[in-house]
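When the chains are written out, they are named A, B, C, D and E in that same order, and each has its own residue count from 1.
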Amino acid sequence: MALVDDLGRALERTPGGGIILTSLDAVMDWSRGHSLWSMPMGTACCAMELIAASFARFDFDRHGTIPRADPRHADVMVVAGTITRKMAPAVKRLYEQMPDPKWVIAMGNCAVSGGIFYYDTYSVVRGVDEFLPVDVYIAGCPPRPESLQDAVLRLREKIRAESIAPGRSRPAKLVLPSPTDPRAGGVATADDGSGEG
Amino acid sequence: MSLLWGLLWGLAAVMLIAGGAIIGVWWERKVAGRVQMRYGPQQIGPAGSLQMIADVPKLLFKEDIVPEGADEPLFRYAPLAVFAPAAMSLAVVPFAAGWAPFDSTVGALFFLAVPSISVIGILLSAWASHNTFAALGGLRAAAQMVSYEVPRSLSVLSVIVLAGTLRPTDVMAAWEWWWIPLTFVGFLVFLISSIAEMNRGPFDIPEAESELVAGYFADYSGIRWAVFMMGEYGALIATSLFGAAFFFGGHRLLPGVGGIVAMVVVACAIITVVMWVKWTFPRLRADQLMAFCWKVLTPVALVQLLVAGVVAAWL
Amino acid sequence: MRIEELREHLCSVYPDLCPLFSVEFGDGTLTVPADRLFSAAQDMRDLGFDLLGMLTAVDRGETFELVYRVRSREMSAAIFLKTEVPRDEPRIPSLVPLWPAADWQEREVYDMFGIVFEGHPDLRRILLPDDWEGYPLRKDYADERIIRRPDYI
Amino acid sequence: MAVDRDRVRTPRTVSNDFAAGLRGWLDAGRSLLTGLGITGRTAARTPVTVRYPAEKIRVSPRWRGALRLRGLLGHDEIPLISAEPPGYNAVIDDLYRGERLPPCVGNCPANVDARGQAFLIADDRIPEAYELVRSRNILPGVLGRICHHPCETACRRNYYDEPVAIRPLHRFAYEEYRKVAEERLTPLPVTREQTVAIVGSGPSGLAAAYDLMTLGYAVTMFEREPQPGGALNTGVPTYRLPRDVLYNEVNDLVALGLDLRLSTEVGKDVPLSVLMRDYDAVLLAVGLQESRILPIPGHDADGVVGALELLWAANHRGEAGLRGKRVLVIGGGNVAVDAARCALRMGAADVSLACLEGEDEMPCHPWEIEEALDEGVTALCSLGPKEVLTEGGHVTAMRMQSCTRVFDETGRFAPEFADEFTDVPADVIVFAIGQAAKLDDLLGGTELLVSGRGQLVADGTDFTTSVAGVFACGEVVTGPGSAIVSIATGHEAATSIHRFLEGRPTDDEHRVRRPVPVYARYAKADVAGVERTRLRAVMPMAKPEDRARDFRPVELGLTHLEAMAEASRCLRCQSEVCVGCTFCARTCPDYALQVERVDDPGIRCLTRYDLDLTKCCFCGLCAEQCPTNALTHTGQYELSFYHRDLMTFDKGEMLRDGGGTRATGRDGVLPPSCPTRPHRGGEDR
Amino acid sequence: MTGQAEACGVDAHLLQTGDELVVNIGPSHPSTHGVCRVIVHLDGEIVTHAEPVIGHLHRGIEKMAENRTYLQVVPLTDRLDYVGSMYANWAYCRAVERLAGIRVPERAEYIRVVMCELQRIASHMMSIGSTGADTGATSAFIYAFNQREQVVDLFEAVCGARLTYNYVRPGGVSFDLPDGWIEQCRAFTRSHPSAMVEIDKLLFGNVIARQRLKGIGVLPAEEAIARGVTGPAARGSGVDWDLRRDDSYSVYPRVDFEIPLGENGDAYDRGRVRLWECVESCRIIDQALAQIEEGPIKAEGLPRLLAPRPGEAYDHIESARGSLGVYLVSDGSVRPYRMHVRSPAFQNLSVLGYLAEGHTLSDLVVILGSLDPVFGEVDR
């Protein structure tokens, strides 16, 4: 990413560069959003829904999301299923092997927080965000394939806020725009969506 | 002057293959979708046709990972070694009456010989990426190389025997209607062996999706992996054009300008059949491929050559 | 061999162990002291119990209770072989020579309870990482990583 | 059979292979072509894909999406069940059909809104609670003491721990209401000119009178005895029902505008034909007057007494000449047990009770016989009376034959006797085997039909008699039964009278009948280790030994705080308002729900209701255990969040509208069958 | 996947031992049906020794069950064999019913049989599909998956979940069949056999697939019995053993069905046994739906907290992978004292090392697929 990073910084420094950078950002975010190749890290029941999502009835390919088993070709790692402490180093290793603009979707309660295996187990990692930076969490046990596709659309909105030049993300509305958004009840959200990097 | 002409043609070939690859990948995902009762890309452009417009810039800006322990220069330029033969083999294809970009007397021989260089590219990438799975994939490609080259050459030979010359334009000139039924079996052998040569369809053993995960290009990310894809689609385009020319008469099908259009249409039909075959059949094992080529394709190609020889002699 | 003959045979061979056997359900229980386990298992094998269905252990406080379920297909009868093993040095002869099916199940019982099966070809942990200390399914397994669900019934 | 039709037969063995040689190769080639054919045909067909953002799959009504609360204690009102008298049945019926009828209300013969009463008492609005109960059960104070409380048997808390004490709450409401009775009792306006006469001031007559007064009719009531109350006044012993409670409640009715004429016997002082002429409608609520004596040899010896006469004597004179004598009561019903306990209190030396039925199938209520046994009554079961042995006209013993079976296999009363006899020594024998109506002087001079055995002929559902304009209700129609059943017949009779006076037919399709509720039989929840606040308020009872000596009341009432605490234990079933009973949090396998509530009486609200969506495994156990249908699964499945802490929903968010958050699933997912609800797994509501 | 080996704790010296190449088919691999790592010693392309390393999905369900009431364990059993969670529910509930002596009403037994036969079809679709994916025919996987989607729709209509049903409860089933469901189910069982014949032609009839599947991973019958292999994996070798018929439980005696058997015990036979079992399941469902009649769906008067008498009980059913048994020990409290799940997938996977010798790497993947392991049930 070195080449791209200094391109971004160079554009930022040159006087007229800001305009080019924002338009370049727009194109890049659009293209990254619409061709998110997923790395299916399916371990347990959520893997079944992950497979169903890319097959005939809930076609993932329509959003430009192809399941690529090889971490080198994937952009987003979908962690679907329970991650045990024997499995964690392998997941961490595969995450590191992915090329840089990469994101993580934690699918299913087991990936989000250990879910039904939160209490009384000795070998379950309580949530993938203990060792991976997670971008979108999906609740459900297992979530429907449409929830996964909804998460991909959510991830697109989040990517729209990112930029090539590091540390220059536009503020994005990170609170869910759903009509009766569970968080609509006047409760201050965790942060106002300034979106760090 | 010929150097300038060569450079110009090289650039044209790369642009043609890049455009072909973009349309090819989209058409492949559409055919795969339809075969599997789903739609394939739909969101960008009419019926998702501009999906690759979204994929290419993303791949361009992907981090270009060179795995530690890999052989640096070899790793960077191995994809070119796979892509170049496809572009070069496009040079000898007889597009119009008496005109081929590089009309050499041994055009057909050139077309048969050049694609096998891509196997060297595969071996280079397999060795350079310091990855057990890649090494396995590369060795498999090398092992099965000879088995499909022989029937491929024999099947084209039967047309050359009929035409009596190696120069593609002369072959086109000497082309007759009744050659189609005569050499149709040869065409089938040619098609099957070129699928094996392109490592596609039932013979994608070097990069078997379910065993070696991604075979020889396991460690290529971003644009280097795209160059491999362009290499594959380039070979596909070149082979189908050549097949259309030699076995279906190419531009001789319709008089005048219509000829080129007819040739392209037949080539597209061949591409679609190749994709259809890929998404229907399971994958052969490496040794089964070699057995199939030696024990089935080569005898059939020889019989076809015998028939073509007898007819040529009787003429 | 009919099930009734099986019942007489069991009662005759093991009078002291008083095997209880229900003909109508076709299954019975035979509690055997640890040292006579291998010979009893061998008898069962010769009687025609060719399927080793289940092999598991239960932590009964000061002893571990090992439960084997052997099944014969022609007679469609099943026998529970039960033994007790002291907690401090849990050693028991392995049944792999009689039924290869016991291989992985014994490794799992070793992994979960720490019961050593003598004569097992390759006794290693199977489910937990190799560097795991302690045996989880013991009742006194203390592990600070476990968060107990509050007793809220 | 569906499968035989199609031509797919399972092969004997599944391993097949191509033939050897050339035919095999041809088949192999053909298999490639058939493969291509299949994929080609599939490619021609239209894809099955659901284009996600535009089209969405309609999830099934039972889809278990994110959880949602429909209502919250303190945030939503509990719906009270009350309506104008004729329409009450309609309200109960559509609640039942919509599966929103609480089991206690459903199982009570008069459909008293016990849930509403518990809510009002917990809210410290006790006079309103009393009036709400009185609209259906005319004598809350009286029945607070003597009712056989079918509501508590059906209470859903039996399944969780112990049922809510509904009857003591009626009694507590009565005691509180007494303090504010005067200013709340304003006479009901008379808006119609028709008048109604009611013969007999038993519970059924009073209920009918109340309904008719609320409808605006002028009601006159005639009572033979000097005090009102009918069977409650003469039959029920005073230790179970102090008389002032009865008289206060009847006087309340008089204050409301009832014209009550005591010690005027219809048939003697006022002929029935005069009533039928002067009043537009007449209601015979006379009940049953005389107890039936078995025509066995020696039944006319002195020392043989009927149960009603004994109870009348006990209630009015307090003395029946039983001092120091041995008393034998024949019969196993509630009247027999009352007679036995009264005999004990009147100084009988030894009281025993003989009945046909066996130990566990006695017709009286279990708690009645227990209290009697505590007080010293001895029960002799499976014995049938054969002959009274007398000596010089005095009773000395009773010859009893042991009975092997009381009901034959079809359930009809056909007792079978073994031929071994026992003689039970006794000085006084009391027959409590049933009561009958003495109607000859009442019906003299009218064409009212009377059946062979002297019972009035009346329609069991409309309570009309053979003469138009004359109605009958209470035990005279239904036979011996409990007080609450008579009150229910009173309400039905009032509806019939109202329809008759308005000229409409008493029975047409508009008349809504009360539904017959079906409730799951609960296994007794074992309450070992259950914390004190969940258990039932203990009703203080007098000590058994000094209870048996006199007629002071046996059960003492609940205090104010105890009653409010007990009322707050009510789960408000089917009210779709979460009362914080915490059974959802207890049954959740992943401890994803945390429910806390403030429990001091009066101020009862839900302080915390947190759902941790990251732990919830969407198994649906909580929604099934919820007794009030408040916790349901919505159709929401698009649950993606950017931050993990957005995924815990607190009390406010749980009330969100479950319907349309981007999910097509409709709300209204009915948890299939709370194990205590009727088995009609409700479809989508 | 360069760092694959280090990622899973295989130390470096093991990598290059003499002329043998050690390859790690890692815990996350498209064709390992979940999380199984196979350490393979390769001599060129031929496998000399393969050793599956499992435990990557070991969540300690048996330890968790000791701290949950009998009703709370049911959602746990859903997560055991997540491709066929209806089985684990039923096996567990049968063990609890035998322990607590609960009598299940007639209609509930019929509903359970219909649900489990539908689950067998769905589970076999996943297994046949993944056989196709291992050999490279992804379209066959998708055709099989479409049939599975129809079954999943039927389940969603009845119990409200696609994969983790929590539907069978000790004492009966939790919901009654919605009206209109039986017709929908009949329509499926009518169309399913012809779809199976089509998939049979597309996948197993194909000469390339036959070359890839026949003669691969041959498991002789007596070896299968000795190693405790049950279910379609054993029936592929001709072992005529099916609990539904030989240990005939629930209402299976009242329906008649055949047991498809293979002869030479290779991956091809195991696959086709599964395919024809689906057709037989359709017949069972039709007969069960014909015999079902109205009635209660749950035993009367079950207490909220079930506390069976101290003692033990073992019961097993024929799941899609073999004989799935649950052994329950109770000490009279509301929580089981010990729960052990006899997992058929765990037992069937143990023969992988024995079968894989002498085959190539691509065959190893096909053999693993033909044993149809589901790692939720293997690792528990």
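As a convention for this text, contacts are C-beta pairs under 8 Å (C-beta built on N, C-alpha and C of every residue); 3 or more make two chains touch, one makes a residue touch a chain.
Quick caveat, the model's predicted, so the values are computed rather than measured.
Engineer: Could you run down the chains that neighbour chain A and chain C together?
Structural biologist: Expected: D, E.
Engineer: Please report the minimal path length, in steps, between chain B and chain D on the chain touch graph.
Structural biologist: Between chain B and chain D, the shortest chain-hopping route counts 1.
Engineer: If you tally contacting C-beta pairs, which pair wins, D-E or C-E?
Structural biologist: D-E
Engineer: In terms of CA centres, which chain lies closest to the overall middle?
Structural biologist: When every chain is reduced to its C-alpha mean, the one closest to the whole-protein mean is E.
Engineer: Just how far, in Å, is the C-alpha centre of chain C from the one of chain B?
Structural biologist: Centre separation, chain B to chain C: 61 Å.
Engineer: Between chain A and chain B, what distance separates the C-alpha centroids? Give it in angstrom.
Structural biologist: Roughly 37 Å separates the two chain centres.
Engineer: If you average the Cα atoms of chain A and of chain D to get two centres, how far apart are those centres in Å?
Structural biologist: 57
Engineer: Roughly how far is chain B from chain E, centre to centre by C-alpha average, rounded to an integer in Å?
Structural biologist: From the centre of chain B to the centre of chain E is 43 Å.
Engineer: Where in chain A do residues touch two or more of the other chains?
Structural biologist: 55-57, 59, 62-63, 69-70, 86, 97, 116, 118-123, 141, 144
Engineer: Name the residues of chain C that each touch 2 or more other chains.
Structural biologist: Residues 128-129, 136, 141, 148-149, 153 of chain C touch two or more partner chains.
Engineer: Hey, what residues on chain E touch two or more of the other chains?
Structural biologist: Within chain E, the residues that touch at least two other chains are 1-2, 9, 29-30, 55, 58, 60, 63, 67-69, 75-76, 78, 139, 142-143, 146, 149, 164, 202, 206, 208, 305.
Engineer: Quick one: which chain pairs are touching?
Structural biologist: Taking the chains two at a time, the touching pairs are A-B, A-C, A-D, A-E, B-D, B-E, C-D, C-E, D-E.
Engineer: Which positions of chain E touch chain B when the two form their complex?
Structural biologist: 1-2, 21, 23-24, 29-31, 45, 132-140, 142-143, 146, 202-203, 206, 208-209, 211-212, 360-363, 365
Engineer: So in the complex, the part of chain C that touches chain D is made up of which residues?
Structural biologist: The touching residues are 149-150, 152-153.
Engineer: Chain B touches which residues of chain A in the complex?
Structural biologist: That would be residues 1, 3-4, 27-28, 30-32, 34-35, 55-57, 59, 61-64, 66, 69-70, 72-73, 75, 97, 99-101, 164 of chain A.
Engineer: Which stretch or stretches of chain B touch chain D in the complex?
Structural biologist: Residues of chain B touching chain D: 31, 33-39, 42, 276-277, 279-281.
Engineer: Can you check the complex and tell me which residues of chain C touch chain A?
Structural biologist: 128-129, 136, 141, 143, 145-149
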